[in-house]
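Heads up, the next two complexes both have subunit A, just with different partners, subunit B and then subunit C.
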Partner chain A sequence: MGALTAEWIKLKRGLAWPVVVLLPIVLVLAGAATQLARGGQPENGWHTVWVQSVVFYGLFPLAIGVAILGSLVWRAEHRGSNWNALMSGPTSSLRIVAAKATVVAGLTSIMQIILLAAVIAIGKFAFGLPGVLPGQYFAIIGLLVLATIPVAAAQSALSMVLRSFAAPIAVALVAAGISLAILMIEVPGAIASPYGLATRTTQLGTGMFADTGTITAGDITAILAAAVLVSIVLVAVTTAILERRDTRS
Partner chain B sequence: MSSTIVATENLTKRYGSRAVVENLNLAIPEGAVYGFLGPNGSGKSTTMKMLLSLIQPTSGNVEIMGQPMTRDTRRSLLGDIGSLIEAPPGYAHLTGAENMRLVQRLLGLDRQQIDSAVATVRLQDQMDKKVRDYSLGMKQRLGIAMALARQPRLLILDEPTNGLDPAGIEEMRNLLRRLAGDGVTVMVSSHLLGEIDKTATMLGILSGGRMIFQGTRAELTAASTPDVVITCSDPQAAAATLGSFNARLTQDHEVAVPGLDDRQTAGVVAALVGEGIGVYGVARDEQSLEDVFMHLTAGGGL
Partner chain C sequence: MNTRAIANEFAKMRHLRIGLVTAVMILAVLGLSLYTVVSSPTFSPEAPSAWNGLLAGMSLGIPLIFPLLLAVLASRQTDIEHQGNGWLLQATSGLTPGGVCRAKFTALGLVVAASTIGTSLLVLVTGKLLVGIIPPVSFAHWAGFTGCMLVVNLVVLAGHILVSAKVDNQLVALGIGILGTILAVFSQGLPDVVAHLTPWGYYALAMAADYQGTGFVALPLPYPSAAALAVVAVVLFTIITDRFDHQEA
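Presenting the complex of A and B:
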């Protein structure tokens, strides 16, 4: 717990919060821009608003956002002799890795909730859609919070290993692209890629890309299982890397 | 004889074929202020990093508080070891107080331990400032407060006087003495002997990755016997008489004779008296540790 509290203190005055807030809002606005310019209501109501913002968000902006958060969370550790201080305390490598991944995942989940709020706000206030956002989408956001834990763990690991701020972000972009391609050619096990898993979840029930349009219990079980397993494997591997690494001089 | 808190056995670190530290047998008695000396690049930081298990030795081993220090055991030992390696740590975007709160949360300390560590380095009035705006001396003190907060049994400080002004260096010396008085073992490195000369009770001198001396200050001075300086009625004649002892004339018209033990000194005086030279005074040259240090490091093949 101590390690986690410490991580939250480190976020103070950092750039993580603006990223968490602005990225989803900008994406929802961008998704709705054409429709807003054209005027009138979107064809399929809430569904259209969702597809235009969330599905696009899941293609690569989500991965990039998580990558930026990962780099921000690790940046301070690579400075000066903070790495030495981090590694010469009694906090175990597992707790350090888990706390960092949890912070990145936590920030990511806040980003999803802001995404949800932005979708509702656009639908309600910009388009004046009737009713409320169907419950299914709330559930998908809930699932997305879990399904993005592996991306958070993966990006946290990359930012731990790579001192560069930009390199992990570049890796995220490439990995998200490859994972989307694998999803589309329907290779089994495509959601074992953390990026594929996140993208797949944003497409649930939309009929876009790899989705059939209907959400099955099998889909949800597979997503949950992948989220748990991939997260555990990533945290374990990252801990082993941190534990075996010499500090750089 | 007090017990040994840090011991290494043939500790070696190689990068490729280049040995940075070679066959180091370090022994730090509990409660000592251990001055770890050596020129820049002699392997001091590398050694300290191996003691903390920040880097793995190529061969040899480290024992701290009677237990082997390895990657598997380090986390349990590190709770009792405060350290400051290379530069002072600290998150620049946070204030001093926030940095200390991090340490408090990470180590599960109470408020009072934090306050007392901050008071020890006299930083209590600067705690609301961002570390980014600290001077180097303030960063150094914050780093020490972070290391002290856990009330360590062993404190490992790498060049803590770097970047400090003379007043800051003096303050650091007092701090080290006070800590040693409280029973904390302090290992402190420096490339400047004068900085820890008066504080250290034990000295280890490293040159080119090898230990060229380890022992007390008195032993170090004894390791290279100071010259015998003779004041007499006829220095020229005296120097000539003692030519076989490599005697030389000093600028003050005294005769300096190197490498004499007490018996030889008596013999030399008798010889001068026998030659009819009046001996006014015989003294051991006050040799500064700086001289000894230079002498030893030169011998180490620098």
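Presenting the complex of A and C:
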């Protein structure tokens, strides 16, 4: 718990919160702005509002948002002599890696909840849609929270290895693009890529890109299994990498 | 023009993987351009409007890829001065921060110009040799589009160099890069007046072709708008870097 508490203290004074709050809101607003500029109502009500904001968000902005959070969470360790303090402290590599990944995943999950809130707010206040957002979208957000844990672990690992703030973000953009291409040509096991997994989950039930339009129990099981397995593998590999790192001058 | 400072900037690029990021930009836009024509059911290499398919692909790919990676290029090239306190070192050697920014813009500007023109030529050659487009290409339209994209890319690059130099935390620069990507993509659905308000909106204004109804059609290029953007950017960049010169490093 000590490592997590330390991370929490670093976060409180950090700049992660504007990213967590602004990124989903801006994307939902941008999706709605084109609709509002055309002056029409969303054709299929809540479904249209969902598709025009969440599907684009899942293509690459989600991965980039997580990448920024990863860079922010590791930024402090790469500054001054903090890396050497980290290396010479009593905290085990596994606990450092797990605490960092947990913090990035935690912030990412808050980002998804804000996305949900923004979709509801836009649907209600900008378009005046009747009723409430159908329950299946709440379930998809719940699934997305779990499905983004591997991306959080992957980006945390990249930001640990790369001292540059911007480099992991460039990697996220490229990885998200390649993963989307692999998803679309329907390569089996495409969701083994953390980026592909997150993108696939945002498309559930929309019939866009790699989705058929219907959500099956098989889809959900595959997403959950991939989320758990890929997260465990990533944390284990990252721990092994950190174990072999040393102080640096 | 301080040629030694510019040569120094090129020397700094060697360890910043600028070449790799540039290669990713070019290949990603090429991939998206080819994908646009491959995924279009009505596309035929013999059709008189065949080249418009590739132009539409580039009009989609460049706004999607370039804004964020331009932010990454500018951030990496500028952040090293914060990390190694290069501002003070160079100021005491007679090169003030404004001069450093101008040297960075000239050096990175050459790279960005080469990659923008390179992307355009690569798509052209691929269209001829790989896709096998038969009708003659409209070189004037193609060159006009490349010129407009070059102007917007250089303006965005200049803005990012200034932001990365001014704000130590690169989160701000990368955050603006993401917002820019979103603006570039969604401005295509917004009225022209709104697109004129930000540099990224000009990516949408400069769309060279689009899919309308039954096929790809060429769109007129906004030469006066691009020229106005260039003039405003040159004036602002000169004023701001001049102010940098009068600040204490």
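What we mean here is this: the second predicted complex is superposed on the first by the 248 of 249 C-alpha atoms of A that agree within 3 Å, B and C clash if a C-alpha of one lies under 4 Å from a C-alpha of the other, contacts with A are read in each partner's own complex, and residues count from 1 in each chain.
Definition applied: contacts are C-beta pairs under 8 Å (C-beta built on N, C-alpha and C of every residue); 3 or more make two chains touch, one makes a residue touch a chain.
What you are looking at is a predicted structure, and each value in this text was computed from that prediction instead of being measured.
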* Is A:49 touching the first partner subunit B, the second partner subunit C, both, or neither of them? -> neither
* **First, second, both or neither for A:149, with subunit B first and subunit C second** => neither
* To do: Please work out whether A:87 is in contact with subunit B alone, subunit C alone, both, or neither, and reply first, second, both or neither.
  => first
* Asked: Which of the two partners, first being subunit B and second being subunit C, lies in contact with A:226: first, second, both, or neither?
  -> neither
* Could you look at A:183 and tell me whether it touches subunit B, subunit C, both or neither (first, second, both, neither)? => neither
* **On subunit A, positions contacted by subunit B and by subunit C** => none
* Asked: What part of subunit A is in contact with subunit B in the complex they form?
  -> 2-3, 5-6, 9-10, 12-14, 76, 79-82, 84-85, 87-93, 243-244, 246-247, 249
* Please give the residue numbers of subunit C that touch subunit A in the complex, ascending. => 17, 21, 24, 28, 31, 65, 68-69, 71-72, 75-76, 79, 169-171, 173-175, 178-179, 181-183, 185-186, 188-191, 194
* **In the complex with subunit A, residue positions of subunit B that touch it** => 45-46, 49, 52, 54-56, 71, 75-76, 78-79, 81, 83-94, 98, 101-102, 105-108, 143, 146
* Residue ranges of subunit A touching subunit C (in the complex, touch as defined) -> 15, 18-19, 22-23, 26-27, 30-31, 33-34, 37-38, 56, 61, 64-65, 68, 71-72, 75, 164-167, 169-170, 173-174, 177, 181
